[in-house]
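Okay, so chain A shows up in both of these, paired with chain B first and chain C after.
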Partner chain A sequence: MGQISVRDITKVWGAFDALKHIDLDVREGEFLSILGPSGCGKSTLLRIIAGLEAPTSGQIHIAGRDVTRDPVWKRRIGLVFQNFALWPHLTVFRNVSMGLELRRLKKDEIRRRVLEALRMVQLEPLAERLPSQLSGGQQQRVALARAIVLKPDVLLLDEPLSALDKNLRQDMQVELKTLQQTLGLTTVFVTHDQEEALSLSDRVVVMDRGAIGQVDVPEAIYNRPASEYVARFVGEAFLFRGIVSGSGARPMLRLPDGTSVPVEGERLQTGREAVAFVRPEWVELEPYDVHSHTGAPRGVIDRLMFFGQTSDYLVRVADRQLRVKRRPDGPALSPGNDVALICKARVLAAQVDAA
Partner chain B sequence: MHKTILGTTLWYLGTLAFYVFLLAPLAILVAVSFNPVAMVFPPQGFTLAWYGTILEKPDFLHAAFASTLLGVMTAVICTGFGVLAAIGLRRYDGPLKGPITSLLMAPLFIPAVIVALALFQILFMMGILNNIWTLVAAHVVVTIPYPVRNVMAQLEGFEGSLEEAALSVGATPRQALLRVTLPLLKASIIPSLIITFVLSWNNYTVSVFLASKDWVTLPLQLRAYLQYEYQPFVAAMSTMLIIASVVLLVLVDRTVGLGAMRKRG
Partner chain C sequence: MKRPATILLLPSVTILGAFFVLPLIWILILSFLGSSPTGEVVGEFTLGNYARFLTDSYYLTDLLWRTIRLAAVATLFSVLVGYVGALLIVRADPAAQRWMILLVMLPLWVNLVVRTLALMVVLGRTGPLNQLLVGLGIADRPLQLLYNETAVVIGMIQVAVPFVVMAIYGVLQSIPRQLEHAAMTVGATPLAAFRRVTLPLSVPGILAGSVLAFGINIESFVVPILLGGGRVRFMSVAAYETATVSNNLPFAATIGIILLVVAMALLGLYQWAVRSAGRAAPALQAG
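== the complex of A and B ==
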């Protein structure tokens, strides 16, 4: 009932292709994030789904209905904006009730539904306040209540948490996710914050200059990115080139300096050049030992940064610097130490054939 | 140290002199209006008799009625146009945006007497001079910059998403305008109404060209009266005009001030 399908959507502004042939299906009840840097077209795509922007070509279906030509007010969507967009001249109650009033529902039904929505976001006692008398987090919850009170087919959120400070944002993430699951609402969530996207979503869409870079579950986006762009955008990635070697069961990547790193990846062909990457927490550091570490990449610790639960080690390897995230319970290491880098790297699927 | 004290003193003296020059004539006028004998200063006593005589001059009562009617019509029509123009100009982003804005602001820079003379010539040629509508139209023309500028300034700081949020809960663009945009624009609409009323109420330059004998405004009637006689009665009339303007301008200040506070809060 609440699924969205985006069919071959393009948006052109003059000579600029804001969106290039976007195809996307959001499943019923799914929490889908659209992730990308500013200017990648993620907000434009959301505004086209909402009907605030008309696509240059393509179709949008919401809940099985072609809404491409429908204006916003006929689309049965809930929309939450980055700046909350609460109406400053109306109380919290009236902000939430506006949509129901426009539907000409009976007074007592309006009252019942508004209070129910406010209860869900724990704002019932503040119903008679003005938005200016609320904190940022409370304002955001009013915006949420205003969107869900109409029982929309889909909930669309445009960077709703980015105006909040960090602690509040984490609380709101939990609340938002809980609310979404309770209501089973199909949700599209636009953000530029990769942690937010990975932690909240059932699936993540990574956008790259008006096109979709990858759509997958968060774990796959992080561990098995489809391209260098996705690998770099959803986390820190250290990329390097090498030649695929080793047998099929234990593939290795031989680096230019003669050392080798175990790798994983699809369609690896021995003898082909490939690009692989590691993330800071994939690498284990050991004091370098000539006998046990023969053939493994070797580096020198440049700098150590303590963060409490983990420490970051900046390791210089062949004139480049690699960040390694490490729990402090391993062997003691300090700047200047020679270390061996023990890790399994991931070959970027997109680079295998291109090499 | 001495230097700054001297500077401050000069600054205060200058400011004082400025207000004395500005307000002294008005103070004298007000004082004279309570004077029982002819137009002399200082007053020889105190009386409200001249205010009573206003009621005995049908010309002035009619002029006060004409000015009030003219002021209200000008304020409503001008602010109405101004709000529509400002909203339109915010939404429209074509090549004519600049020229249209300049045109609406032009009466601020063109001397009113020139606008009035031009209007007089055209309306005379068209033969439609002798009615209140031409006078209202002329007053609207010279006061239109004020509401346009007020409303545009408020719209500048206006989040477009406020209207989009209304659309998203099912409001048509018209309902969004009525329920969200216009109520929020109150902070610039009310001052615009008052300012345009005051400007029209006090206007002499335009009215002198375009007022017909049936629609003589108060400033015109005062001027006409002064040509023949000079009595404290005129001072009483003028004092009432001053009081009306001051009261309305204080109102503007209050509404604008309140609007600004609400935005900050």
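== the complex of A and C ==
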């Protein structure tokens, strides 16, 4: 049993199943992200763990204790809200100290711990300011300090960075991760930003309409997604549907248009239908050549998208569009060019299991 | 550029000027004039009216102080009742909120005299309230609830509460519920969360509500004249009786002006005190 265990949690609102039999264990000291589009139930799950929402059925254990019936104020959690929810009438110091005051600690102990927490988020000099006098990033840090000052059993973060602009968000990601590791805090981080989830987490939970789509380390979520949904939601995926063919050493996926793509994957069975996917950076483009590229999928360059550091080709393949990362050493291609797609696609794990 | 705005202001300025400011100025002038025994206004300047009021302990304690005291007590209860009401409305679900607000506003559609007469029925010796008290054994015989200070205070509360509810409701509605939730995540019980977060944040509403209630209560006329039954001395009633029964217009004007000045001074003082207390609070907590 982990630091947090979610056991068969269900939440029903009228006819709508917000959460369907969720089981999840968060290990001690782990940084776990819950990733999903809006409406997938990720925030509801977090609020149930926090105790701000009651589950329709199921149990929540935190630090080995059944807290399902405990109200929020008895759960020993730290929660950071999306819009920070700082108390506007209290100074930064008092925002952080309220939790300690409520525990009736001695005044100098409160002072010591508040200043320590503020030092950790580099806000000590601003202790006497009011929240309205702080920037968005500083308010975020106050919210973080308010949560960690109580040394909670778990830290829960509800899209805490989504209100910040891009550069600040990246800085805060690094700070957040560093802080979490320093304190060894078990952390549950809810986000709809897949890059954020992949870069910060020890493990990622991908949620899909109230159910868990996949739980795994970020590398596995990205490279070995369990389902089409996960493949599409985490990063960009171009899907091939076809029938497995070829010998065991060099399996291929024969596509309906007669071309085939080399594929990889576990337990591939010849003759079975399968879905495989490629990421934009897995594909190599070559000017189409009838002799060397016979049987390979082909497309037409639609346009080149320039992003600064990198650029992408948008390639039209039949009636679909595929994004391909441009390689610095690759051939120079312009819109209208016929290209062959050189790639190894990966068969989705769920498809293999289903077979 | 400012011309169109000025023109648009003209109707309201005209109406206020003609029917409010000018009569007020006339009352002010009147209060410095004398009166003959037959009731005619004597056209010469005198401070006699003010001297008469301010040197007589009857006027100062029995009239002015009682008016202030009753208005203040009624304001206190109005704010208490109004705050609870506003809080209940804010915490109700949105569909219910509309109906609850409607219910609060409903009494304002009924004429004040009618409402006060209805209250006289409720508070009367054989009224429902006394029947209830006797029936439950709280009182062994019907209590005298009418024609005393209690009746006047109850009447004033009844008048002021809708205004207080609306003033406080507006402020409470603007406080995100999440701020209380945040307090609960750091260990506050709902009561502690309310006391430490919602209550201090709603002080502007309490301030606005109490200023409104006191302003309405101290100028109250129908309530003390009906529920006081002539036994509870009140400034507005005294001014009215002085003008009509004693036929002494200048002295009635004096009572009116003193009431106005005292009310404005008290409200100003109150607001200043609350504001400076609010400013001092963060500084005190810093230590």
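FYI, the second predicted complex is superposed on the first by the 347 of 355 C-alpha atoms of A that agree within 3 Å, B and C clash if a C-alpha of one lies under 4 Å from a C-alpha of the other, contacts with A are read in each partner's own complex, and residues count from 1 in each chain.
As a convention for this text, a contact is a pair of C-beta atoms (placed from the backbone, for glycine too) under 8 Å apart; a residue touches a chain by one contact, two chains touch by 3 or more.
The model shown is predicted, which means the values in this text are computed figures rather than measured ones.
Superimposing the complexes on chain A yields a three-chain arrangement in which chain B and chain C clash. By the touch criterion defined above, A:224 lies against neither chain B nor chain C after alignment on the C-alpha atoms of chain A. By the touch criterion defined above, A:293 lies against neither chain B nor chain C after alignment on the C-alpha atoms of chain A. In the overlay built on the shared chain, the residue A:346 is in contact with neither chain B nor chain C. In the superposed pair of complexes, A:99 makes contact with chain B and with chain C alike. By the document's definition of touching, neither partner reaches A:169: not chain B, not chain C.
Within the superposed three-chain model, A:77 lies in touch with chain B and with chain C [touch as defined at top].
In the overlay built on the shared chain, the residue A:192 is in contact with neither chain B nor chain C. By the touch criterion defined above, A:132 reaches chain B but does not reach chain C.
The interface of chain A with chain B overlaps its interface with chain C at residues 50, 52, 71-74, 77-79, 81, 83, 85-89, 98-99, 102-103, 146-147, 150.
Of all the residues in chain C, the ones that touch chain A in their complex are 176, 178-179, 181-189, 192, 196-197, 200-201, 282, 285-286.
By the touch criterion stated above, chain A contacts chain C in their complex at residues 50, 52, 71-74, 77-79, 81, 83, 85-91, 93-94, 98-99, 102-103, 128, 130, 146-147, 150.
Considering their complex, residues 50, 52, 71-74, 77-79, 81, 83, 85-89, 98-99, 102-103, 132, 143, 146-147, 150 of chain A touch chain B. Looking at the complex, you find that chain B touches chain A at residues 159, 161-162, 164-172, 175, 179-180, 183-184, 186, 262-263, 265.
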